[in-house]
Amino acid sequence: MTLLGDRQQLSYIASQAADARVNLELETEGMTLNIGPQHPATHGTLRIIARLDGEQVVWVDPSCGYMHRGYEKLTEVRTYPQVTALVNRIDWLGSFANEVPFILAAEKLMGIEAPLRAQHIRTILFELSRIANVSLFLGDLGVQLGAITPVFMAFRDREYVLNLIEGATGGRFHPNFDRIGGLKDDLPAGWIDETRTVMKKLRRFCDEIEDLLFGNEIFQSRTRGIGVIPRDIALQYGMSGANLRASGVDWDLRRDQSLPMAWDKVDWKVWTHPDGDSFARCWVRLQEVRESTRIVEQLVDTIPAGPVMTKVPRIIKVPEGEAWVCTENPLGEMGYYVVSQGDLGPFRVKIRSASFNNMSITPWLLKGVYVPDIVTILASLYFILGDIDR
Amino acid sequence: MNTVSLIIAEVPYWGQSLLRVLGGLVAVLLPAGTIVYLFLFKMMSFMQSRLGPMEAGPYGSMQLFAEVGKWLQKEDIYPARADKFIFKLAPLIVLASTFLLVVVVPFGPDAWFTNFEAGIFYALAVSSISVLGILIAGWSSANKYSLLGGLRAAGQLIAYELPMVLAVIGVVIQAGTMNLQGIVLAQNSGSMFGFDGLGNPYVLTQFVGFVIFMISVQAELTQAPFDMPVAESELVSGYMTEYSGFRFLIFFIGEFATAGVFAMIASVLFLGGWAVPFSWFGWTTMDSVDNWMNLAGPLILFTKMMVIMFLVMWVRFSYPRLREDQLQRFAWKVLIPISLVNIMLTAILKVAF
Amino acid sequence: MANPPNEEEFQLSLTTDTPAATDVVRDGILARVQAALGDKIVESLLKPGDDIWVRVRTESWRETAVILRDLGFSYFDFLSAIDWLPSPFGRGEDDPTEPAPVRDNTIRHGYTGGDTRIQMLARVVDPTTSMGINLKADVPDDNAHIESWTTVYAGANWHEREAWEMFGITFDGHPDLRHIYLPTDFEGFPLRKDFPLLARIVKPWPGIVDVEPMPGGDQDEPAQDGDAQ
Amino acid sequence: MPKVPGLFKGLGVTLGTFARTVTQGANTVQYPHEKETPPIRSRGVIALHEGNCTSCMLCARSCPDWCIYIEGHKELAPPRRAGGKPRQVNMLDRFDIDYALCMYCGICVDVCPFDALFWSPEYEYSEPSIADMLHDKVKLGEWMETVPEAPELEVGADKKGKK
């Protein structure tokens, strides 16, 4: 690909020189392995065509589109409230977080802002969906690496978070709770107390996962030094979220841009890791779940009183213009470029989803790894098929 | 001679053979079923905050029968390009090695199928027959995943044969015999530093050997963290991918029956086998052991086997898996040197005392 | 669409215009970009507190990327295109029994204008300041092709494949221009506005059946009488 | 204190969970025998209060999936007060929701200006045949029994801001 790609390849060749010599002597013939679209490691319907030399990958061609639903086309025939119901299906594990950037873009075009209380609740639900999403990642990581117990712990504790989201919004997976100008409804009574107890449970879950998985020497030997993404390559490919921060880029859209959300009102930390390998990516995500529980705990204590909906017309027409809003979603940067021509629905919506960019690095990254490491790297990159295929 | 063996001596040869076959079936299938229910269904579920099967029978205890019934009903499918004869043969080879293995396990002072002088040697030899079954299962499936799984399995099983043999040598040196019955006798009639209340179970004196043996058993059984050949998340069950219905059932029984038999051998080698310390009842030699031990012995062995299986399964449910190069490196660079050192130390101490 | 203009029709009031329209940071960035790009810029727009839009010449598309990357915008965000032709199908809510309604099909371009129907749209970001630039470039109508960015930003590879299959834009210099989402033998460019969305055409809109005018509009009498629960 | 190897810590976690499940019970429920109650706001199924519906078509039009089918006709009803004019009312002939298409977004319930549609947390209405997922107005009316009262709001909520 580029110079940098060659450089990595050279270092790879140097490090594997012994293997290469053996292969030359034995004249091993290649084999094409078709991983997916129905394969447990692709959690969804991703297909990876891998050319193998023994168990080593010579080149890979990820082929997506088995779940392409054409959201960018679908948004063009829908009104703004209908689009909200649609877009939370993109990353189906952190669905509320998908709604927020779109709503913010529409609000930006209309020149309105949600009331302070709505901003707070939005941020809480946003972080809850991050927890729901990433905690499942932490469990799934175990399964991909062969440990079967963590995933059940993840499902167990994610359930508490989903119950919270359902209690507030009515939908476990697809809340559709965000409205242009605020939220559909206020929180039900008792929700805040429950949230506090659930956040404690989630932190215990993080400790358990850390003991069970991250501290495990086998896990570390499987992930450390596997799938290293250097900083400049990560930026070139537009990697985002924990994948980027694990490569040492201290960049979090929650902190580094001003949005009408409540992240700037609480005390939290952006975690980075200098290594850029699979372990770093997983570790950063683990810390982010912890950080999210802290954000939620601080926010539920400081929700201001007031309405959750600003005054908007019943039939929403968005004035002509273009707006780009991106947020730090569980999977990484998710943005919507909304073009409005003053109609009931958007004229064009470009959905920039995190996983698409994160996965576009795989042809480069998977070169030269072993078959088991394909699974490790795919798991650590953490993609949701809906987020790749849109 | 005691009465039980007298009864056996009086039945005709074909009757004895029939009894042995039935006994072998019980000795293989009963532990396998119990292991699957107790550990795979229940213990794993409890370790994951759930209950496991609850519908079939009380607390789901009949679940295994339901599963077997389901497998038996399934159509016998094989891939179009599979080498059909070999494909069908493979599970049988795996199961056969299990039955060959159980032959040498002693269940009581007189309750045994055969009593080879080189029993442990035989056990380690036939246990590697299952590699053949796995390798040809992987090859004949005409499936790349199966092939990778079969090759990985072959590499892994052969690599871990060696530390296993070396770990056993420590026991053999200490017991001074390769006969499993003799090893049981040596453990239970022995004493540690003059104290004979516990006998001399080799799990204490041969602890390093025990750990290495258990790790190798884990690898031989392709349980996590050594389940690379069946790796569900990458090779989608490896060499078993193309098997379904009855043939998968045989693989499944083979896997857990082998686990049970290996656990029995481990308990014979390290936990004193079917016996309790002889000093408890004032026995001194094998002949002085009371007759009722022929009935109590299997139960004691079964209990010890369950303890070993608990360890195996506990590790299996907790750990992620190693990559196959790491796994080989672990066998050759860590386990084998340690077990060699263990053999030397044992030999030196044996001579010294 | 059956919705008559509502009396609640929202009054356009962009708050981004109301705060004192100065944005020192973005002013500086735009000045830097303008200086670096020179006459490659056709038009640029800065909305204070919001974003920067720059439209560059078609032939300088790749050069722009090189210059911007060296200017610090090393983070590749996305690359896509916009088809400015209004959809001839509306939202698919027409009554198939009626004659097709006449639609205004004049092209209205968005920010920084445009000359052609299809425009490139891309965004690059400076990760140190978290400030980005939306880049646009016209794509010729008759022969939709433009230079590829793959040698500048490696991540543009998949985005260009997507833009190629969705809009039919050929990227000169792209190493591997294949379908990414759609089947290999797919015909047509789905995100072009004249590509019909079949799901909205094979089935008539259930909302066509009309019983009475929309409530709230002319204050129907029966609407007032609904026995509230 | 020497560092406990991660391998043993992991074993401790699974054994701890084992002990917790044995002593405190599992986190799962045995579904057909015991059921968890979904939250009040849970979007299970849409109930129709037919008396309130004026067949204004608002829900059918704002449905993103086009899964609501309404037919109606106008009728004259007797006057509400003695001596008044006869009123013109809309009679609902058909109100179908195709749950095979519905994506449970709740837009129809939101837009209904006459409080005719409600969410019910009821969720056990799966059918062996996809055609049976089309609920007509009788069936939708039956769900009205399961509609709960709206929950109390959290402290600090602006009560009047709600529709």
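In order of appearance the chains are A, B, C and D, and numbering begins at 1 in each one.
To be clear about the criterion, a residue touches a chain if its C-beta (ideal position, glycine included) is under 8 Å from a C-beta of that chain, and two chains touch if they have at least 3 such contacts.
Everything quoted here is computed from the prediction, not taken from an experiment.
Comparing the CA-atom centres of all chains against that of chain D, the greatest distance is found for B.
For this pair, chain C with chain D, the centres built from the Cα atoms lie 35 Å apart. Inter-chain spacing, taken between the CA centroids of chain A and chain C, is 24 Å. With each centre defined as the average position of its C-alpha atoms, the distance from chain A to chain D rounds to 29 Å.
Averaging C-alpha coordinates per chain places the centre of chain B 65 Å away from that of chain C.
In chain D, the positions touching at least two other chains are 7, 10, 13-14, 17, 27. The set of chain C residues touching two or more other chains comprises 216. Contact of a single residue of chain B with at least two other chains is seen at positions 47-50, 317-319. Listed by chain label, the pairs that touch are A-B, A-C, A-D, B-D, C-D. Across the interface of their complex, chain A is touched by residues 5-7, 9-10, 12-14, 17, 27, 38-43, 62, 64, 103-107, 110, 119, 151-158, 161-162 of chain D. Across the complex, chain D is touched by residues 78-79, 81-82, 84-86, 89, 117, 149, 153, 156, 159, 163, 166-171, 174, 176, 184-192, 208, 211-220, 303-309 of chain A.
Residues 2, 203, 205-207, 209-212, 214-216, 221-223, 225-229 of chain C are the ones touching chain D in the complex. By the touch criterion stated above, chain A contacts chain C in their complex at residues 1-2, 4-5, 63-65, 68, 70, 72-74, 76-78, 108, 110-113, 232-233, 235-239, 249, 251, 253, 256-257, 312-317, 319-324, 326, 333, 335, 337, 339, 341, 344-345, 347-348, 350, 352, 356-357, 359-361, 364, 389.
By the touch rule above, chain D contacts chain C in their complex via residues 49, 51-52, 54-58, 60-61, 63, 66-74, 80, 87-90, 113-116.
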